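One structure is given here, and the rest of the page talks about it.
Order of writing sets the chain letters: A, B and C. Residues in each chain are counted from 1.
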């Protein structure tokens, strides 16, 4: 996809200074500007780069006045940073422009799909499942029976959604995500072998959640595992049965949340954190990477470490940890 | 799927008190009872909830005598807890009732499938592979050449099983599982580049094992990676080449076992644990979450921490860890 | 696949001692030798096993002279270890001998594939994507628009490759790998809800890289996430947006690298390690399993622990850690 400086200026209601016919097909940072790309200049600290950049188009603020000759075509806009951001959004939407239902998709007879919904090749859609309007279901994704997918939701390729799952509007699920697999529930028996506890609940994912690649979210034993509005889960995250993640909480990669733990809203949780089961974590909690959370946490705390503690305490502990051999030598002399 | 109180009572050989025609389509806890659901009352502590529950049907012990009016229909059974558990099992089996071989599945000419086996749309089955009777292979799963799948095994959607894998009877593999990928084996060379060591062994999964979503089990370099009878692996677990997991051992999510380590039977291993390679772990061992296991462990120990130690020692260490800054201040004064 | 001793001797330019017609279909270690298998004897320490081995064929060095009767057929070669290794490679290539484009694959009209390339059932290949000669794309893999796959690359089943990805020659991607999913980038807003930052870069994987099962590699926000020549990533590894992994670096399972971190070449990184974002790690660095890397590291260091420190220091710290309760008791007495 190529765009000319003229087309981009029209889109952004900007003014072209230079060759309006020059075309770009990607974007770059001004300091790394490559031929065929568009860059932007917003922070004056980077002004020096504009005179040598190889980018063919640069978005600049309308009050920008060059001190010497610039080979790139300039587009003057009200706010170069905002204009660049909105250009990226337009580009991303443009790329994600698939439509129609592939003849190579397999929909059960009772499955239904709304208007303008894309269903790619190799997609399977189960009995009584409904995909709302303006959704995009990429190839080779599996959606089981009795599932509901809300308007505008995008599900990339190779996602697996078990039966009874409910997904809200404008969500994004990345490739390899599994939603609704059985919770890890087994009852001890007289023999040493465990007996499976039926997992008959479901998963509910509310509006505007985004779920990263290869993340798994188990269905509830009874009731629902719930991912609230605006939650963002990174890649390879584990959400166990009956967990609830509060609104707008963000969880980084490879973190695991054990069964029945409830995490509040607006939390920020680092990567590779582990949560024990049956915990209650408050709102606005921040947890550092690789922490081990074994106890409830109140609202508004910032914690880190294993076992988890206040992050200031943890930094002090971590500093002394390095001096342990020295401490031990001193102790032995006493 | 809706069931009336009358139908459920017949199934459980129970007695209806109230309206036998009321229908339910899900279950709930008595304290959260929702319209259209069935709950149970076994623990007297919860008796108070039965008078206000919105559940439409409640299973109760046959000796239960209400103290005031109850709006729900009751079903009296010998043991309400056991009746509820058996109902869940019936429901789960009922849901998992797919049959037939889809015309959209792709079976190589030498592949064979037994009686009553379901093979969904988009499934690929390789040369000389045999799927036994009463199996369920959900859509978009890949099963390579020379694989054997035992009777009654359920493989959910989007599973990838490499060639030569052997899977026993009544196993469950959840979506996104990978079985039989190459072990991580590379030989250093004179150049800095590593050379791949061919991985020509296989994976054997014995009867009644359950493997969680997005878990990966590598094939052996030579010989077999073995998952014994009754093993339960949670989601996102890593099993490296030539590992052996003993009978009925249970491993929680995101744990990783390095190459050639043997874990005994009846072990319980927490989440996010890491095992070094070439270890021997005894039977009945319990390992706390996030532990780092760098050495062999005998039978019957309970351990935790990094490096792993007795769990009582670990709790003491963890407690003193919090006091390290205080200890350091004292030491400096001496 | 069965091979006779005569066929194998021809392949290896060796000499048969015994029955040239005996056939094998697998390999085993000489000390575990099973009927129907081939073993080798290179290390004199293992000579004792050759007299009782149940393996039907044993490769031996040409100067080997048995001290008593051996039931196995021997094949004498110049170097038994090298001959065995080359046999494994031949066997692995032989197994991976799929060809042709399946009628059940779905290629968009502008997609192209080179000579001798295998494209399995249920594969999807997007617009303007080119697969070079001698590639193997296993069933149910998804390859998006504008992707380039270099000559001789093998992509196993159920892999998901997003648009604009560039993969070099002779790479191997295992099942469940996700390449090019959106980076985890969100901007805070006045409301508590985060706003998605468009991720419009791509992923570049250079020649001879191998990527393990269920590993995920995010696309760059702008520019490229880069996996250099000869890199080996194990299973369930997380590579975030704009990360760069240097040539021939090897990363074990379940390790996570946060956004914009650059790792040098020829590094060896253990399992379950976590890297913070925006770090620069030198060349030839070795990092122990489960470490937490929160700072830049120079070339040639060997480090371990959380927070990461020199590995010798870490072993000393870990040793004293076990004595913390004892230290605390002593301190309290002072």
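By our rule, contacts are C-beta pairs under 8 Å (C-beta built on N, C-alpha and C of every residue); 3 or more make two chains touch, one makes a residue touch a chain.
Computed from a prediction, not measured in an experiment: that's the story for all the values here.
Visitor: Leaving every chain except chain B exactly where it is, which of them still form connected groups?
Guide: Components, chain B removed in thought: just one piece.
Visitor: Quick check for you: after a Cα superposition of chain A on chain B, what is the rotation angle, between 0 and 180°, in steps of 5?
Guide: 120
Visitor: Between copies chain B and chain C, are the contact residues mostly the same numbers or mostly different, with half as the line?
Guide: Different, since under half the interface numbering is common to both chains.
Visitor: How many angstrom lie between the CA centroids of chain B and chain C, rounded to a whole number?
Guide: 26
Visitor: Counting only residues that touch at least two other chains, what does the list for chain B look like?
Guide: 122, 140, 158, 176, 214, 236, 254, 272, 321, 324, 327, 331, 334, in rising order.
Visitor: Mind pulling up the chain C residues that touch chain A in the complex?
Guide: Per the stated touch rule, the residues are 106, 122, 124, 140, 142, 144-145, 158, 160, 162-163, 176, 178, 181-182, 184, 186, 192-194, 196-200, 214, 216, 218, 222-223, 236, 238, 240, 254, 256, 258, 272, 274, 276, 292, 306-307, 309, 313, 316-317, 320-321, 323-324, 327, 330-331, 334.
Visitor: Residues of chain A touching chain C in their complex?
Guide: 26-29, 32, 85, 88-89, 91-92, 95, 102, 104, 120-122, 138-140, 156-158, 172, 174-176, 208, 210, 212-214, 229-230, 232, 234-236, 247-248, 250, 252-254, 265-266, 271-272, 289-290, 318, 321-322, 324-325, 327-328, 331, 334
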